[in-house]
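Just below sit the structures, each encoded as structure tokens.
Heads up, the next two complexes both have chain A, just with different partners, chain B and then chain C.
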Partner chain A sequence: MTSVASKPSQPARAESAPAVTASQPSASTAAPWRAYMPLWLASAPAFVLFATLVFVPLGMTLILTFYRFDPTSGPIAAFQLGNYIEVVSSPYYQTIFARTFGIAFVTTVACVAIGAPEAYVLSRMRDPWRALFLLVILAPLLVSVVVRAFGWSMLLNTNGLVNQAFALFGLGPYKLEYTSFAIVIALVHVMLPFMVIPVWTALQRLDPQTEQAALSLMATPWVTLYRIVLPQVMPGILSGSLMVFGLSASAFAIPGLLGGRRLKMAATAVYDQFLGSLDWPLGATIALLLLAANLAVMLTYYRVLERRYARSMG
Partner chain B sequence: MSFLKLTDLSKSFGDLQAVRNLDLSVEKGEFVSLLGPSGCGKTTTLQMIAGFLEVSSGSIALDGRDITHLKPNRRGLGVVFQSYALFPHMSVGDNVRFGLEMRGIDRKESEERVREALSLVRLDALAHRFPRELSGGQRQRVALARAIVIAPPVLLLDEPMSNLDAKLREDMQFELRTIQRRIGTTTVMVTHDQSEALSISDRVVVMEAGRITQIDTPYRAYERPENRFVSQFIGKANLLAGTVLVNDGEEIRIDLGHDVVAVGRSALSANGHGEPSAGDTVTVCIRPEKVKLCASSHGRVAATVTSRFFLGSQWLYRVASPLGEVLVCCQNEGGEPIAEGELVGVDWTNDAVRFVATETRQ
Partner chain C sequence: MRRNGPLALAFHTLVILFVLAPLAIVVLVAFTPDETLTLPTHGLSLRWFRAILDYPDFVSAFFNSVKLAFLASTLSLAIALPAGLAIARARFPGRDFLNALMLSPLVIPGLVLGIAFLRFFAVIGATGSFAWLVVAHVVIVTPFVLRLILSAASGLDRSVEHAAFSLGASAWTTFRRVTLPMILPGITGGWLLAFINSFDELTMSVFVTSPQTVTLPVRMYMYATESIDPMMASVSTLVIVISAAAMLLLDRIYGLNRVLIGNH
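For the complex of A and B:
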């Protein structure tokens, strides 16, 4: 996700700026120093900071993936593709990647299914309630992800509230913690705001009279929702699901705490390689492959859906 | 039996009475405009007819059938919205076809009807375009085509021209009227633009503060405004206050002060307040185009031209007279206009005088 970055603005446009003040000598003393500075130079400090913090570590990680690992002496500088071959061919990592994208996919689908209707209901609410419910939806973002994960862990463990409730009906106990199910539930909880907000924004732009127009043309309320409202908020659902998918696929804390030691996702596998096995080259390879796979999935998705809506929705 | 009948219709939002006890009958094929300033309840009335707003009390009947509590999607009325409300994700053709599709009309027939409707609004060539690729006037015509393709019993237009520029608006008014005549659909239009209402409707319904103040043909509403509000809202009006000197059943003589006496025919005072009698305080309305400017020695009162506005076909003068400021509208006959500051006489014929308010002296 992080490498989908903005480039610094084009410098060419600002080059002629000093010429404006040169024709008026008396005014040139009053001209701000900014007038003499091309835009690319003005944005240079931010660019340098950004490049240092993002591209340098990323580049170093990339170099690391080609290193060899020796259990006794650690990483050895080299150029070989052994790490890539190991990750791609090993069924162990294949399972982890399949699980990662499976969980991210299910989370995304659940967020669309819950978040889109939620945003619609929210947009229909009147003001004291709307503000209140918006706050409720945003609240997960205000709580540390670790605290939230522990909260779910308490609810879902074998003696937790959920299993106690099942016990009242003579069911269970079920193993809920340390399952993909627990990870999906907690991820959906965290990711919902990232779905609700873009859909809500799209709904704000929707002309409410289009709904009335559909009704006047004898469409039932359900048909109106499906044929008129949904297609118009599709761009919001699209950007929301991109965010949710990307963040879920690279999630670390929630799978780490709710998946336990054995149910690994890609990010937790990277962590284990770096800090457990100390096999940095292999960890770096998994990290880069996760990034590449994530980008590939998201770009494909974006291309396919964007093309469908580009012409009509702008 | 009228086709669309609103009986004692009221709508309140909390304490605010948006529409009060409104009665209106619209005949089949008629073009009726609801005219009034913003906040007069005209759009609320239209929304109740369309079914988007619940009625507080009263009833709406269409062709003898009570539709007061029918859901909007069961009324089958054609609606053109102020924002046009085109479906942005559908092509022009699909927008127009939507209503037919909802009625379960088969593909072949609906294709045919879409083509007909689009050619009626002269957009046949643009069926594949999307709304955002059209100009304002084209969008407006798509909205009209979408509403008439379903052959609705009643067509409702909510300020349909307000987003168009002046020239285009005039063209569209003309076109709208032509189309409405051709297909003969009963039409109710909401507008705040009095010239629009006058030029295209069969009858205008002037509303003020949730009530109907006058229902009349455009010509009669202009020529015989029933009160001060209508006289000022429809067209321009010179309102002069005076006292009735004598009413002999034929003529009414009014003292306007400053030795000016206006004479009106009692038969022409069409308001419902009864005939004014001697001693009553009245307000008379004289339309600017019925006031004549002449040499200062002639006329009923002398005045000075304070400013003038050139309107192309006409000159509009503001003149200061002892009676107050008077607006005078003169045809531009090609001659030199009267200069500002010039002394003139103001005159009018007795036919021009209308009573718009009467206060009976006890």
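For the complex of A and C:
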């Protein structure tokens, strides 16, 4: 009886199933699930756990930002905006926030410049190579970020391979470790897959015939790339850069290991407050301001680019 | 399909070198016979791997991490499997909210989750508790499990289930003998991905681990900020080997490209 409607198209399947059961008088096919596992029972543990562990800790952290910190007795319950005023008005934290967003911006630009062309090159390869290199680019995602940061600190230190290579040309040694440059390089390494994945996905959806058509109409390969391919992968680049920017701005391990003790980013400043000077209210304030600033930057970026993109397509 | 030109291939080679360089140097330096972080120019040695065994901090952190990752990914599966099936197959009030709620740890930075849990644990008096560390890891790995279960369950041909049902199989039998085998790759893939992510997690754990419950990435982070010797390279090499093994397994079971890119 169910075989009548057994071959719906792939995406329509979820919608088609209730239609099938609706036409059947018997309740037997309606929901095998409901028979032995009521929905509320199935999803209740997840619901309770996540509602508790997402909202309660975040709420407590928000409340903490209004507390007053006393060096001898710790946080004191209060409602005042002193922590916000301190972070916003102090040149020390202004520098840290400017550096954090500067580094995140440069990292995003570098990831677009490297990741988007690389995804395009990958998409034009033939298959054993294509699968292999895609794996090489993506697999580091699953290797601990501490390991990768440590690898870069070995490459970039004064006696490292990069400086040895410079020495061959009679240059250097340069101080590379504990600089913004080192942080950007390592961040680009960590974030590159987040740019390659969405661009790759967009390229998979691209109809190769549009490229062929442009070429057959005597467009040069560069014009084809710029006028045909680029507009179509733009959504991928957009979502990739949002991801890269957000993750870079709140990155912890890379600035912690490659920035040294003095070159702080927002996340390492939060760490110092929490585990160094134990000023939790101030640390929580920095973290929530980072989150808010991050959201604001990303939303603005999204709005502006979306509008420009819509205009150029319209 | 058009081929890549020499310029494109040169660019590609540089990118691949860039991606592999930091991992390659870690593995090479791990085999140095010297006291310092140098490339092994005169012979290879396993001395820095042996040194790990004499450094109990790394050994106990390793076992903490394995235990934590195992418990967190298993518990996460126990929660996400029924919820994921309910989300994938049925419409009920709060369905979209539950879905968004369970995926939300993906978009909240680990830093913010870390301090939020630290504060939460301090308020409820659970600071330094291993059980609560497991719970915190369940929260951050569940999105990965849920995504794989959702994609496995929504790609399922339901007519098979209906066939089993119409042939008189009970609901439980249908689930056990028909549904479960069909979504098994999604389940095992999700578990493995959760395991890897829990095993590697640093930013949140750095805030919520105590000296007794410290995990391997946190211990490595602290070690790397204090002293630099080749033991850091040998531990890193072991981590790379474990990650690579888990990746190969994941690739066999579910397909690594499908896990990392999504389904097509």
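Assume the second predicted complex is superposed on the first by the 262 of 314 C-alpha atoms of A that agree within 3 Å, B and C clash if a C-alpha of one lies under 4 Å from a C-alpha of the other, contacts with A are read in each partner's own complex, and residues count from 1 in each chain.
Definition applied: a contact is a pair of C-beta atoms (placed from the backbone, for glycine too) under 8 Å apart; a residue touches a chain by one contact, two chains touch by 3 or more.
If you're wondering where the values come from, they're calculated on a predicted model, not measured in any experiment.
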Contacts of A:T201 with chain B and chain C, given as first, second, both or neither: second
Touched partner set for A:P255, first chain B, second chain C, both or neither: neither
Partner chain(s) touched by A:I228 [first = chain B, second = chain C, both, neither]: first
Partner chain(s) touched by A:P281 [first = chain B, second = chain C, both, neither]: neither
First (chain B), second (chain C), both or neither touched by A:T210: first
More chain A residues in contact [chain B versus chain C]: C
Touching partner for A:M218 - first (chain B), second (chain C), both, neither: first
Which of chain B and chain C A:G236 touches, first, second, both or neither: neither
Contact residues common to both interfaces of chain A (with chain B and with chain C): 221
Complex contact set, residues of chain A against chain B: 207, 209-210, 212-221, 223-224, 227-228, 231-232, 234, 309, 311-314
Partner chain A, residues of chain C touching it in the complex: 1-4, 8-9, 11-12, 15-16, 18-23, 25-26, 29, 37, 39, 78-80, 82-83, 85-90, 92, 94, 98, 101-102, 104-105, 107-113, 115-120, 123, 135-136, 138-139, 142, 154-155, 157-159, 161-163, 165-166, 170-172, 174-175, 196, 199-200, 202-203, 206-207, 217, 220-221, 224-225, 228, 232-233, 236, 239-240, 243-244, 246-247, 256-257, 260-262, 264
Residue numbers on chain B that touch chain A, as the complex places them: 50-52, 71-79, 81-83, 85-91, 98-99, 102-103, 130, 132, 146-147, 150
Chain C-facing residues of chain A, complex: 1-3, 5-7, 10, 13-14, 17, 20, 28-29, 31-37, 39-43, 45-47, 49-51, 53-54, 56-58, 60-61, 64, 114, 117-118, 121-122, 124-125, 131, 133-155, 161, 186, 189, 192-193, 197, 200-201, 204, 208, 211, 221, 246-247, 250, 252-253, 256-257, 267, 270-271, 274-275, 280, 283-284, 287-288, 290-291, 294
